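Paired with chain B in one complex and with chain C in the other, chain A is shared by the two complexes that follow.
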Partner chain A sequence: MEYKFLFDSLVIAGISTILALLIIIVDSIVNNYGEVTISINDNKKVIKAKGGSSLLTTLSAERIFIPSACGGRGTCGACKVIVTTDIGPVYPTEKPFMDKSELETNTRLSCQIKVKQDVSIKIPEELFLIKKIKARVEKITDLTHDIKEIIFKFNEGVDFSFKAGQYVQLEIPPYEKIKDFTQRAYSISSAPKIKDKIELLIRLVPGGILTTYVFKFMKEEMEFDIIGPMGDFIVRENNSVMICGAGGSGMAPIKSIIEDMIDNNIKDREIWYFFGARSASDQFYIEKFRSYEKILPNFHYVPMISESESGDRWKGEKGMITTVMDKFLKTKIDKNAPREGYLCGSPGMIDACVKIMKDNGIKEENIYYDKF
Partner chain B sequence: MTPNINVVILLFASIFTGNIVLSYFLGLCSFISISKDLKSSNGLGLAVTFVLTISVAICYVILKYILKPFDLEYLRFIVFIIVIAAVVQILEMLIERMSSALYISLGIFLPLITVNCAILGVVLFMEIRKYDFLQTLFFSIGSGIGWWIAILALAAIRRKIENAPVPAGLKDAGITLIIIGLMAMAFMGFSGMLSVQ
Partner chain C sequence: MKISPLFKKAYDNMRPGRITMEGFLGDDERTLTDIISEDEKEVKFLKMDFEIISSKLKYFLNEGLKGLGEPLTVDKKWLVRVDEARGRLPCPFEDKIVNKKTVYVKNVEKNLDFFYSDLSIHLIEAHHFFEGKGSTFRLEPSLIKQILEI
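After this line comes the complex of A and B, so read on.
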C-alpha cells in the first residue's frame, strides 16, 4: 500500500518534469534573441549584448548605470531613457511615470522594456560618469533611534567627485529570505570637497529590505558596492532666496548643500532651512547647524517638532513643517525677492510643502525636490 | 461507453447549443473584463481556443494512457491543472515574442487563462461524457470557438452601447451581466436544433 503512494508520486513528478522540460525547450527557442547591438547617443558608444533582458540590466552589465532608485522594480520612474528605435507601444507599467512631452519623445522606463532587437537610445552624457565602486564602512553613528549616519571610505586613489545634493545607490548582498542583491538610493550628506569618503543617512523603514539589513547586519569594516553619483537635486546658481525643507533622513542632501556653500565661501545667499521631526529626540545635528549659522551670516536654521509632549524642554518651533514654513513665508521672508524651494523627504511631506510654497507665490518650476 | 455522436454535429453543438460560456456560464471573469475592447477580445478568444484544444488533447492522452491504467484517476485534477498551466506558459512566451501589442493588451488575463474555468470545465466534460479522442478534439475546438464567438459578440454589443444612457448604478459590469443574460436566452433558441448530452 505504501509503495503505491510512492509510485503515484513518481508518476506525477514524471508528468511535471516532462512539461517543465517542454517549457524550457520552448523558452530557449522563443526567448533567444541572439546578440543585439545597442547604440547610445548616435553611435557615441556601441555595445553588443545578449538580448532578452531588460534594458536597465543589459546596460548595467556593460557598466553604464541608469539611475534607478527602486532597483528595477518599476516603482520610482527614475530610469528613463529615450528610445529612438520603434520598439512597440508604451507598457501600462510605464504610463504613470510619463507626462505628455515624454510620451511624444519616446521616453521609456529602461527597467520595463526588454532588449529584443537592435536599438538606439539617448541618455544624458553625465551618466557615462557614473561608476560602481567598492567602499568600506568606516563608521556607523546612531543619530536618533531610527536614523544612522554611515561613513563609507573608498579605496586608495579613488576620486569620487559629485555635486552637493546628488545621491548614490547602495547595494547589499542577499540575506535571510532575500535572495537577490538589493539596491536603494540614498542622498550623500557629506560635502563634495571630501573625495575619498561619503556619508549617508539611513532611516529604518519598517519592513524595508535594505534598511533592515543596515540596522541588523551592517558592521564597520564591511565592504559594499556603491553606484553613483546620480540625480539633479543640485543648487541652481543665482541669487534667489533658498527655502529648504526636509524631514528625517531628508536632511542628507541639504546638509551636503550647506556644507558645500561653507567650503566655497558663498556667504551672501539667503537660506532658510526648515527641518521637521516628530519629537525632540528625533532631532539631530542642531548644534552643527547652529555653528553653520555663525559661519554663514544669511543662513537660518529652523528645526521644529510636531508632537507636543508634556515636560518637553523643546524651545524651538512647534507644529507641522507646513504650518511653520507658511508662518515664516508670510512674516519673516521677503516676499518680493526671487525665491526657490529645495525639498527632500517623504512624498506626502513634499506634496504638502509644494502646495504651501505655491500658495505663497513661489513658482512651481522653481521648486526642486527628491522624493524617496 | 463512448457516446455515438458524429464529430461534426458535436462541433456545432458545442459552439451553439452547448456554448461553454452562455449555457454553462464557465470562464466568465475574463469574458466580462476583456470584452471592453474588441481587438483584445479577438486575441484572447484565439488564445483560449488554442490553450483549450492543446491542453484538452494532452489531458486526454495522459488520462487514457497514464492515469487510468495505473489507477491514478484520483490525481486527475492536479494533473489537468499542471497541463493547462504549462500550455499557458508556452503560449505566453509565444505571444510575447510574436505580438507585443497583444501581449500588453491582454495583460494579466493571459497568465490567468490557467484558471479560466472554461478550460478545466471542458477537460472534465470530456472525461464525464466519455468522448473518444476525435470527439474530444472536435468538442474542445468547438467549445473554444464558442467562447471566442461569444466574447466577440459581447465586445461588439458593448461597443455599440458605449454611449447609451445606462443608469449610473448599472454601468460597466452591471449592464454587461444583463447583456450576457440576454445573449444566453438568445442562444437557448439554438437548443432545439441539435442536442447532444
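After this line comes the complex of A and C, so read on.
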C-alpha cells in the first residue's frame, strides 16, 4: 500500500515537472521576440534591444528616460510617446489617460505597450538630455512639521544642468512591505547656477510610499539615484508681470525661479508671489524671501495663512490663496500691464487660482502651472 | 467554499505590485470572502451601515478639497487635508477608475487620526471591503466610528 502511494506521488511529481518544463519551453518560444529595433525621432537615435519588455523599461535600460510618476503601473498616465508604427489598438488601460487628439496621433503609454516588433516612436528632444545620476544626501532640514528640505550632492565632476522650474525623479530602494524600487517626481528648489547639488522640498503624504521612506528612513550620507531634469514649467522671457502662487512643497519651483532671477540680475521684472499655508507654523522661508525683496526691487512676497492657531502672532495676510490673490489683482497689481500666471500645487489649488486669474483678465494661455 | 470568478480576479488584483506596489491585503491571510464578511459583522455590531460610512467619508473628502491642498478645520472638530497625486487607480474589482486622492482626518478633541483614499470610499461603498489587516490603507470600522463619531 505504502509503495503504491509512493509510486503515485512520484508519477504526479514527474508529470508536474514535465508540464512545468513544457510551459517554460512554450513561453520561451512564444514570447521570444528576438532583437528588435526602436527608431526614435525619424532615426535620430536607433536602439537595438531584446524584445518582450515594455517600451518604458526597454528605453530606460538604454538610458532614455520617459517621465513616469507611478513606476510603470499604468496609473499616472505620464509616460506618453507617439508611436508611428502600427502596433495594434490602444489598450483599455491606456484609454482613460488619452484625449481625442492623442488618440488621433497614436499616442500611447510607454509602460503599457510591449516591444514585440521593430517600432518607430517620437519623443520630445529634451528627453535625450535626461540623466540618471547618483547623489548623496548632504543635509536634511525640517522646514515645518511635515516638509523637509533635502540637499543632494552629486559625485565629483558631475555637472547637472537644468532650467529653473524643472523637476527630477527621486528613486528609493525597497523597504518594509515595499518590494520594488519606487520613483516620484519633485521640483528642484535650488537655483540652476549651483550645478554640483540640488535641493528638493518633500512633504509627508499620509500613506505615501516615497514620502514615508523619506520621513522614516532617509538619513544624511545615504546615496540615491536621481533622474532628470524634466518638465517645461519655466519662465517665459518677456516683461509681463509674473503672478506666482503656491502652497506647501509647491514652493520649490517658484523659489528656484526667483533665485535664478537674482543670479541673473533680472531686477526690472515685476513679480508677485502668493504663498499659502494653514497656520503661521506651516509658513517657512519668510525671512529668505524678505531678503530677496531687497535684492529685487520689483519682487513682492505675500505669504498668508488660512486659519489662526492659539498663540499665532501672524500679522500678514489672512485667507485662502484665492481670496488674497483676488484682492491683490483687483487693488494692487496693474490691470493694464500684461500679466502671466505661474502656479505650483495641488490640482484643486491650481484650478481655483486659474479661475481667479481668468476672472481678473489674465488669459488662460498665459497661465503656466505644475500640478503635483 | 467555491470562490466566484469576480472574487478570484479581485483577489489577484489586490496582490502587491498589481495595481499598487503594496497591494490591498497587508499580511492578512484570510480569504477575501472572510475579510469582507467579518467586517460586515463588525459594522453591524457597531450599529453602523455602509451607506452612512461612505457618505461620511465623502463628506470629509469634499470638505477637505476646499483647503486647496492645505489642512483646514471642518465643523470645529476635525482637521482635514486632501492630497492629490497625478493619475488614476482602477478598483481591484474592475468596476471603477478613481482619481488618486488621499484624505487625512484628525479628530482634534480625541487626538485620533486616520487616512483613506478615493478608492477606499468606493471599496467600502460598493464591495464592503476595508482592505486586509496590515494594509497601509486598511480602515478599522471601530476607528471610523470613533473618529467620525458615527
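By definition in this document, the second predicted complex is superposed on the first by the 340 of 372 C-alpha atoms of A that agree within 3 Å, B and C clash if a C-alpha of one lies under 4 Å from a C-alpha of the other, contacts with A are read in each partner's own complex, and residues count from 1 in each chain.
The definition used in the following text is that a contact is a pair of C-beta atoms (placed from the backbone, for glycine too) under 8 Å apart; a residue touches a chain by one contact, two chains touch by 3 or more.
As the structure is a prediction and not an experimental result, all values here were calculated from the model.
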{"item": "Which of chain B and chain C A:Gly88 touches, first, second, both or neither", "value": "first"}
{"item": "Which superposed partner A:Gly316 touches (first chain B, second chain C, both, neither)", "value": "neither"}
{"item": "Touching partner for A:Thr75 - first (chain B), second (chain C), both, neither", "value": "second"}
{"item": "Which superposed partner A:Ile15 touches (first chain B, second chain C, both, neither)", "value": "first"}
{"item": "In the superposition, chain B vs chain C on chain A residues touched", "value": "C"}
{"item": "Which of chain B and chain C A:Gly52 touches, first, second, both or neither", "value": "neither"}
{"item": "Partner chain in contact with A:Pro124 - chain B first, chain C second, else both or neither", "value": "neither"}
{"item": "Sites on chain C touched by chain A in the complex", "value": "16-17, 19-22, 26, 65, 67-73, 82-90, 97, 100, 102, 104, 115, 117, 134, 136-137"}
{"item": "Chain C-facing residues of chain A, complex", "value": "69-71, 73, 75-78, 93, 96-97, 177-180, 182, 205-209, 247-248, 250, 276-278, 282, 306-307, 320-322, 345-349, 352, 371-372"}
{"item": "Of chain B, residues touching chain A in the complex", "value": "62, 66, 70, 72, 75, 78-79, 82-83, 86, 89-90, 93-94, 97, 100-101, 104, 107"}
{"item": "Chain A residues within the chain B interface of the complex", "value": "7-8, 11-12, 15-16, 19-20, 22-23, 26-27, 30-31, 88-89, 91-92, 116"}
